[in-house]
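The first chain written gets the first letter, and so on, giving A, B, C and D; residue counts start at 1 in each chain.
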Amino acid sequence: MAGGVSLATNPTTAVELAPRHPSGLRLKNPVMTASGTFGYGTEYAKLVDVEQLGAIVTKAISPKPREGNPGPRTVETPSGMLNAIGWQNVGLEACIRDYAPIWRRWRVPVVVNLAGFSVEDYRTVAEALSATPGVAAVELNISCPNVASEGTPFALRADLAAEVTAAVREVCEVPLIVKLSPNVTDVVEIAAAVHAAGADALSLINTLVGLVIDTRSRRPFLGNVTGGLSGPAIRPVAVRMVYEVAKALPGVPLIGAGGVMCADDALQFIMAGARAVQVGTASFVNPRAAIEVAEGIEAFLAREGVADVNELVGVAL
Amino acid sequence: MRLFEGLVLANERAGEGLLMMRVRAPEAAREARAGQFLHVRCARPDGYDPLLRRPISIYRAADDELWLYFDVVGRGTAFLASLREGDRLDCLGPLGQPFRIPPNARNLLMVGGGIGLAPLAALADEALARELNVTILAGFRSGARALPGGFVPPAAEYVVATEDGAIGHAGYVTDLVPSYLGWADAVFACGPTRMLESLRRATAGTTKPVQVSLEERMGCAMGVCLSCVLHTDRGLKRVCRDGPVFDLAELQELQWRAA
Amino acid sequence: MAGGVSLATNPTTAVELAPRHPSGLRLKNPVMTASGTFGYGTEYAKLVDVEQLGAIVTKAISPKPREGNPGPRTVETPSGMLNAIGWQNVGLEACIRDYAPIWRRWRVPVVVNLAGFSVEDYRTVAEALSATPGVAAVELNISCPNVASEGTPFALRADLAAEVTAAVREVCEVPLIVKLSPNVTDVVEIAAAVHAAGADALSLINTLVGLVIDTRSRRPFLGNVTGGLSGPAIRPVAVRMVYEVAKALPGVPLIGAGGVMCADDALQFIMAGARAVQVGTASFVNPRAAIEVAEGIEAFLAREGVADVNELVGVAL
Amino acid sequence: MRLFEGLVLANERAGEGLLMMRVRAPEAAREARAGQFLHVRCARPDGYDPLLRRPISIYRAADDELWLYFDVVGRGTAFLASLREGDRLDCLGPLGQPFRIPPNARNLLMVGGGIGLAPLAALADEALARELNVTILAGFRSGARALPGGFVPPAAEYVVATEDGAIGHAGYVTDLVPSYLGWADAVFACGPTRMLESLRRATAGTTKPVQVSLEERMGCAMGVCLSCVLHTDRGLKRVCRDGPVFDLAELQELQWRAA
């Protein structure tokens, strides 16, 4: 199309996140919700046609219901927020009983995010959920503190991260995503270990640990003292980590997360090497954010004459 | 509940540091029930700071309009104060569980502290339209902070208490509750946590329904982020979705804070 | 002052950052400028009475002048910015010749920030500057890549960080501040190593590594690919790191940096355990930011009836 | 150079996507020289996104007023467009090195592309006040983007080129330069980098002074952050402080980019 503007009228937006897995994890578009920001998928159904999303990732599920932390649990920060919810969730049983049947009817894959405080916790939940119809894949939130290593989160040490990944892999029939923490010196080392241990895909990043002091009371603002920083503030850090991992581990399916507010942000992650993105905090600002990101990516492809979104994955590397 | 852009019809000073905003929003106005709130974006669409929406009660819903009454306390509400006629307000709502007037109640006692009176004004409108009797006890820190008379519907009895004694009863508004409790068939309240704590003491032992509207910091206001939970007899509940209106009797705490 | 509002009319704002050092490093107030955001102190002199500041920290000085990186060198991000200046500076000789004589006349301590790519680089500059009148202290920017360890920045490994600190300590007569990087799993480990190696004070944090992709060109936006994230976006991470180090190393003088825009931000750092703060990116937004932060802290002390700012150091711990 | 709050006197549409803002700023207006710029804050004082100031040329300085002419290209300039009469504009400036009219020059040729004409209008004002002859060559992408006639002082000759040929010469404005170069004693230019590159070719070999005003992304605009440097015969120079106006002859590049 020499000199002219090329238009791809029906660009392909589908992406495959678990090519090595027998059942695969195929999304109709590269936009997922991020765990903890879209509930169990049902809450936003009035405002959003969830079936237009690439996938839904649920709030973390632990073996038993959990109460979480006392308040305040969130606080706004410049272009971001801290949260310290503390893994409040309905627990495995209620998840399987109350939500999985709904997910099963939806024409959108539902990925269940898993919380655990021991390798056994993760295995228990993964095993049960991978036998539950309606659960398309699981995502391990390994940023939880590991009771067996004095509370050091699994995600901060390559050995712990690999150990829990391998243990879950043994019992997990569905595709396995492992979610990486940004609070590390070398994210590539952790990514490589987790991938070698059997993860189908890696999602990154979880929140950065942050703290706000309430200068009036002279105490930490959050009930939990520290919290996780999310939102547009962290996007440059997240894109950098995706870029580093994509460079070091070509071909490994990556899911970018951290501050995606609009299609341009999502495209940054994709060009840095992510096959898909998760939209988190943005949903609080605009409940339709994930849908609008998906629409915006499609519009970009059409405008720029890109036939398939996969052509853009890692182009900036 | 919907996501919509309301058209600002007016936004005017209405008391010390307070503003009243009239927003055109026909569908939302029809849906709105007293006690519900809007979650409003307090930044230009292309700016991410401040990032989060702010919850603001529906002060009045009339015809095609929603009215908001707000106190400028920080940068979100300062942004709201900067809006002018013709601007757009990005809103999510109406959200939350409204006040529920018990079927046989005839005499409604409403107890409000400061800007907490806003949702009670909407409730008074609803009650008066059903020809119920309404008494509003209104508490303010000082005379200067007291809301102007026209703030609540004129057909409601309006009794003021100020902590500095400048207007009405000198002291806390909850001091007045005992003398009205016998008359009332149901009590409705909204205000600072400290006021609601006093109200709990003032109504201890009563079998009459007492409904309170609570405040907690919110992320989503859609029930997903779990920013806003507290313990009730029915387990952990979310202020944004299970509330903000709760039966006082079922609340184990007014806010969940570490001991 | 039972029940009433107590007012400290002339609160003490002076802080000591090098109590173990014979000459000490006493600031009239706890507000410093951050390296790279206030030039050599002379550029802002028209707008700001620099002598009202607690201290001035200069742009990094390396043994020889350096050109730095090709552009674009900065890009705005949500509530922040990335920079990849690349240690452009006038070099040691010009620093001593052109600037030190001016600093010597100022009634405000000037701290020279040092860049180096080998232990020798830092020793050379530290030795020369510590013999230069007008230089009150030096601050080691150990986030520079270390040629001897394949470009791994000294700041990312406790052994490298301690090595360079000890080597500089031997030749450095003036108080020695070491500036820590936030791009690590365990900032406390690095802080402890650097302090044990002889640092008088620790400043933290330097910038977080970030990346912005220009989706139009499909390439990294910055000439250097990655850049350092600064500004209010990173404040919660910075406050958390100060808090962690203050908890682990009580009594070690800490200087907080990262997103200080106003007095409340500075007070968060102080309550989290910092004796002083550095104001960086804020100066670009408001050239008078550092002065206004100092004034705001004093006003807070007066309003809250705090006689001495040192009483607030670490109160939130 | 100072930090000041200007009072917005008017802010009106003045062309496709363009606005002209009049700001009351007596001291700064007295100081201002053609080619200098203001670094303006493009957010509410309590919001940190967008964070950085934006450089905008002084389009005209008259009496107590500074005038700005700007193109709405992103969120900073969109914020500027939202300001109304009575609002405050947080400004730093006037900044940078102005154009310098050589002592014996009588005929001044000015070459501007798009909004790059703004500082040239100020220069034309200065030159006409000194009774020099001014010809302005103005290039636009299209007829729709061409600046309205009153944009430059009427006493200046104004020659337009549009790429789409809708008005004046059909093609690049730099095509016109050779026919005016003989007449001119000095050349002044401001516009996109591509235009300045063509200008360099069009003026290659001339011994007449050619001054150009450059654009580069800025952090501080005070010369400290080193965001805005490029190579010149006198070493690395900063656009914000050593420029934005440079002698074209000494520039080794118009922007420093990796090869």
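Brief remarks on what is shown
Heads up, the rule we're going with is that contacts are C-beta pairs under 8 Å (C-beta built on N, C-alpha and C of every residue); 3 or more make two chains touch, one makes a residue touch a chain.
What you see is a predicted model, and the numbers here were worked out from it, not measured in a lab.
More contacting C-beta pairs link the chains of C-D than the other of the two pairs A-D and C-D. Subunit D has its Cα centroid 46 Å from the Cα centroid of subunit A.
The distance from the centre of subunit B to the centre of subunit D, with each centre set as the mean of the Cα atoms, comes to 52 Å. For the pair subunit A and subunit C, the distance between C-alpha centroids works out to 34 Å.
Listed for subunit B are residues 48-50, each touching two or more other chains.
Multi-chain contact residues of subunit A (touching two or more other chains): 78-80, 231-233. The touch graph of the protein chains shown is complete.
Partner subunit C is touched in their complex by these residues of subunit D: 1-3, 41, 48-53, 92, 216-230, 236, 241, 255-258. Partner subunit D is touched in their complex by these residues of subunit B: 43-44, 46-50, 75, 78-79, 82. Subunit A contributes residues 77-80, 82, 156, 183-185, 208-213, 215, 218-220, 226-227, 229, 231-237, 239-240, 243, 259, 264, 267-268, 271-272, 300, 312, 315-316 to its touches with subunit C in the complex. Residues 36-39, 43-44, 46-47, 59, 67-68, 70-76, 78-81, 83, 85, 88, 223, 231-233, 261, 281, 283-288 of subunit A touch subunit B in their complex.
Residues of subunit C that touch subunit B in their complex: 78-79, 232.
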